[in-house]
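Each structure below appears as structure tokens.
Next, two complexes with chain A in common: one pairs it with chain B, the other with chain C.
For the complex of A and B:
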């Protein structure tokens, strides 16, 4: 018997020198002591789990998967991946009905969009919220994102698809669930900005939810099959149609680039570099001098940028903030980079509500203090959390750009 | 991406350099692969405690001429005292209150309760002119129940050896007790986050005062004031309270890191955390562009580049079985060819590997294949020629060489 066999991890936990820096930056630990913390849950626990899987602790579900431990780690240990992989590998808990509903953003989205006015009204009724709280354990204090009556894809087919082929350059757009079911306006903004820059926007041949919520709720097989479908479509777009892929959501982008290979074992190495967040794509075009922007004259807007956790992990907040700083009439404020507490579906769960609001409390205070017209952020769930917990409206940087650009004049410069 | 200067490494050295350059109106980016060694700081900054031949240093300014000729301080010429004062000023501008002077070292407590000489000590702690400041005094050591990184028994032994009489007591509050649900998370920073709440702090203070009767000194672990030093100041205004450093993570050290980073960003600097510079384009003896893990095909260009990646801990230097490399630029590294010279089997002995580092010219320009690169500089513990532990000069080299480099780009 090879004694070393049970000491070898596919992750680099042996690089951990026990410095505890991850624990300092974990947003969950200070507000929820039931969570054993990233060092214990990650590399320390891994050492034990490799000996025997029964050392797995279900309390790992309290991890938000924000990856701030990885950003802080001086030894480049993939702490967040170790924790999520341990949940995938060892957790015996079956996803509950609630978790399945929360995780299936596109099934629920398709149904809800069809009956949007009814669903929106119903979900905001107090008795319904209390019922969902007691039966499903979805916290009654949480407000739900509104569903849109017309899906983004429906709008796109009806109003935009026909004119896209006429452009000189082309991209495929991974719209994600939020734009499709809840907030088509952001998708429309992406199309207008890209069109004004001379880029035709196209849908992928097939698109499913990126799967981030499925992963965090333990529905791994479904996440993997959706990942495979998405990568196949992305591959077709990149390799055959020569169209790079853009997305607006930092979490969808991060999931497709990094969680697919690391957590789901879905190889994307050949196309990973061609999956970008739209702000990075636009920044690069500007920097390379390939496009020009013309802004409208307008009143001053004071905008604060919030760095979503997965944007921090990607290291890409620079691009979104650089775009915002280019807008002449914007008074820009950078918020301290910290987790807002929502963690996708995490904060919707009754058992996490207090933790979720506790994590975000200092951010909400900073936003109120900044007295801004808008908070800009690249993540839809951060938007829900901040809009629910502060008095400030939240927009995607690309929506703010779309509003401040003279789209017609910009289009003349680039098309 | 285009900046005036790219600084690779975001610890004491990189931040010092960055703040200095931003003040000069340069636009800098700091690329930092994870958090820095300031998280493990004792709260004191050493300039020069001992010469390589073992001579104790009382006055760094007067005795700096005794360092080896390879020591980075030699390259500062007659600017050593000037830059030592500038370093202290820069810290003060960032809101870091320090005590001490380069004319004379002082003593401070270690987390083991022993005394060490140092140059500057953060105002959380006290400075002393001798190694037995509590001699003949009655000391009560108060620890927070369940906090493992404050070794009261070691500290009490050390204080008693130095002539004090010691009592150890645990203190507790329901708010702090909650943290003990996960005993591994009873860490200084988590405790500090709980105590940062005004009402918890006030409750804790009344518990502390309750224990102080009949004692000359009340010693507490430094778990106060992660976000600002407001609570530290409030505490020091009360009875004879002395804060003692804890084992890492260090609350005062993290506060310093955050103060420096905030000031750098306030001055317009860009701090990229959790990213690693993977490769560089070098043409005709000049660095043209660097590429990082996160930014992939979007490179970063600048007029000058500063390497402040630190030593072995932060992978600024990487040791293989028979050579030592600098991974970003493949710079020349000064190290002994004979591996037997690298270390002393006595762990507490003088470890030569700590003197290894990147070879630089008189302006700290990095050498590659024996030639200086025109616009690549190195500062801090990635440099060769000094032993930060044995000579007690790590923080001094980090700050002084960074300031010198920033002024001579």
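For the complex of A and C:
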């Protein structure tokens, strides 16, 4: 008998057996009744949309693309992808001026960095916030990440680039928008740690924003062209220069590895495995005995780790937490894995503010209760959300590692 | 036994609640006759609900059966007007594969044009753009005005309108005898399937519209109508693979039509002779599934990897002509038998043969005969009068969301303008019973109160509850709850839930592998393990 050998179609929504566990794990459903939930927005809705495009429901915009539904799904249905693709294919809503501004982190970042002190002051003024709220529909209760006066790449060229070739091993570093425009210190920490481990750090030939904000704001063509440019640079780094690519942001990493082929149709199969988050890269070097660490003596530091959604989806939170646990002076606290509610640009939008804060509420409470010196997390937007919504400061695990390592002694061990 | 008054309460009794019977009841009622429609199970429970749901352009019959082809295209155009809410204007393609003879294409197109079917040869490249799922190796393509038609909705709309014109409708009532007086049929004896009570109803004319069962009905009048039971099996896929009907451009054969309909698509059919003892319990065999898949993949290769929801079979009401072992060569033409003229049995007629596509024309012929017999001078208007659901304001409201002011979008697709009667004021009425097919509590309640629903299988035919990929997993218990509430009987609802789930399993069984099997196991676990249903 001609049994279908594999009845897993491209539209793998048919593997859904309606167990509804995705909806149970969706952070939006409990706080926003307008969102139909991943099962209905994803596999159920897809059947209806295939029947007639008019069955597209604009409420799909309430999905914050955390992909926790996909992690929960026991049937391997790419629920989050189905929802994002439906928005790309059917949504008639054109991105607004606000969406375009929020999505274009590169352009806005370049402009803002040049006038950082003015922009930072202006953006924190109450009248400006209210104006942005009413005109652009960017919620006035939201605080903005500060822009740095000097871009990371400018610092790197001036202060670090020259000495990188001297190292035995090499990596390329996808710094991303946040490090470049807002927080060069994290980039500097990555360079110090990698250098101490005997790795030279290089910029990619060309780098554009990974495009995640463009995807979620419906600017797909622009996202695709940026993805192509990034993959071309990564390909050059991996194939010609034999340098794997590391990034500090879990979302940039996830986007380049998985969203490029799934949502944007940009093939990266030949280099995907060589795009890694820095904590995993470092953890593996240590695990394989290729590098040695020497820590500084110092006081106890109490650190709680928050798992960003895309870190959960990558399945990589283990590496960041294991790395933190290796640090002798750290009193480590694991927070329950849950969405903080920011979802990139999602939480900045006026219509999502309540949802965003509602999603994160129990996490914020858990953080306050933990009484820690720092929350560690691999995602910059989680950092903004947690710093805005709690009294605790947030750092990247690599920054914490950089602070606890005796960099000079470590360098000597690895030269 | 209950006796109705001898002086007839009715002018005409119609046996059979398929499309033909419902259509005949509507037509007769619209011409002022007092009508009784009797159906032993539910509307559209026989061959009407067990076919492709193809709105034939007639192209399939053009070469072999000119008369049927010409009837089809005329009715096709009429249904697009009068039954808009039952019809999807999808268009169809007749494709030629490398293994087919391309020279057949010109014979085919000539025959189509002769029958009045607008068949247009198009570039295979254009065909592939029209329907991306089509086999990419096609060497020829002809575009025809095929479409899809929902047989449940169509039959129901006819019933609703017949009732609106005063017809009495009895479902779950079986005709067990034709009452004869001096050689004339003067009425029928009917058994209520639920109470087992027998009642006689009288009318000067009884019309059998019982499809393949017409054979047995005629026997009760002592008349022989030689039917030829030809079984056709089909497979339902989990979602729409194609949006254009795909046919093979060759002499009609097995499994050469893929029809998109509502949320799913269907491949069919097979054709094999079966005995009358089998027509009430048809089984789809592994060989048939095998053949349908093998041939289906040739039309649209992605079927090979698409989940199959279920398999089912129907029996064509063919009127035997010769010793054709497959039944494929018997005309699909309409057969109207005036048994007074043919067999010397006045008061009795049979309308049979034909197809779902020509149900309206069959009804017109039968009602014309009734008019002649009863001396009524009224002409047919069903070719212009829209069915309920397809009248003014049938356009679904447009909006950004599934749920809009006035109800859910999908309810308007299913019920046309009648959807405005569905309660949608509060959150409860708008909440979903069936998540796969987007059926709300309000829609189920509307069906239970207005559309002659006796059990959950009936409810499925009215609303699509349980027709989606979960096959009742999530919706069945909710629907059973509403049914129990409406009928004020929990025990019956529980028994009905069991038989509904078994009926769903019967359809899944022939294709129980992969996701379909996995989902059924899960369903079993939910109902057996969690709900404690035996």
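Here is the rule we use: the second predicted complex is superposed on the first by the 405 of 415 C-alpha atoms of A that agree within 3 Å, B and C clash if a C-alpha of one lies under 4 Å from a C-alpha of the other, contacts with A are read in each partner's own complex, and residues count from 1 in each chain.
Here is the rule we go by: contacts are C-beta pairs under 8 Å (C-beta built on N, C-alpha and C of every residue); 3 or more make two chains touch, one makes a residue touch a chain.
All values reported here derive from a predicted model rather than from experimental measurement.
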First (chain B), second (chain C), both or neither touched by A:44: both
Touched partner set for A:110, first chain B, second chain C, both or neither: neither
Touched partner set for A:313, first chain B, second chain C, both or neither: first
Contacts of A:14 with chain B and chain C, given as first, second, both or neither: second
Touching partner for A:36 - first (chain B), second (chain C), both, neither: both
Partner chain in contact with A:411 - chain B first, chain C second, else both or neither: neither
Which of chain B and chain C A:287 touches, first, second, both or neither: first
Partner chain in contact with A:273 - chain B first, chain C second, else both or neither: first
Chain B and chain C footprints on chain A, overlapping residues: 17, 19-20, 36, 39-40, 44, 75
Chain A residues within the chain B interface of the complex: 17, 19-21, 23-25, 29-30, 33-37, 39-40, 44, 70-76, 273, 280, 283-284, 287, 312-316, 318, 334
In the complex, chain B residues that touch chain A: 1, 33-37, 39-40, 178-182, 184-185, 187, 189-190, 193-194, 248-249, 254, 265, 270, 272-276, 292-298, 313-315
Of all residues in chain A, those that touch chain C in their complex: 1-11, 13-20, 36, 39-40, 44, 46-48, 50-52, 54-55, 57-59, 75
Partner chain A, residues of chain C touching it in the complex: 238-240, 262-263, 286, 289-290, 293-294, 302, 304-308, 396, 398, 400-402, 409-410, 413, 435-436, 438, 468-470, 473-474, 513-515, 518-519, 522
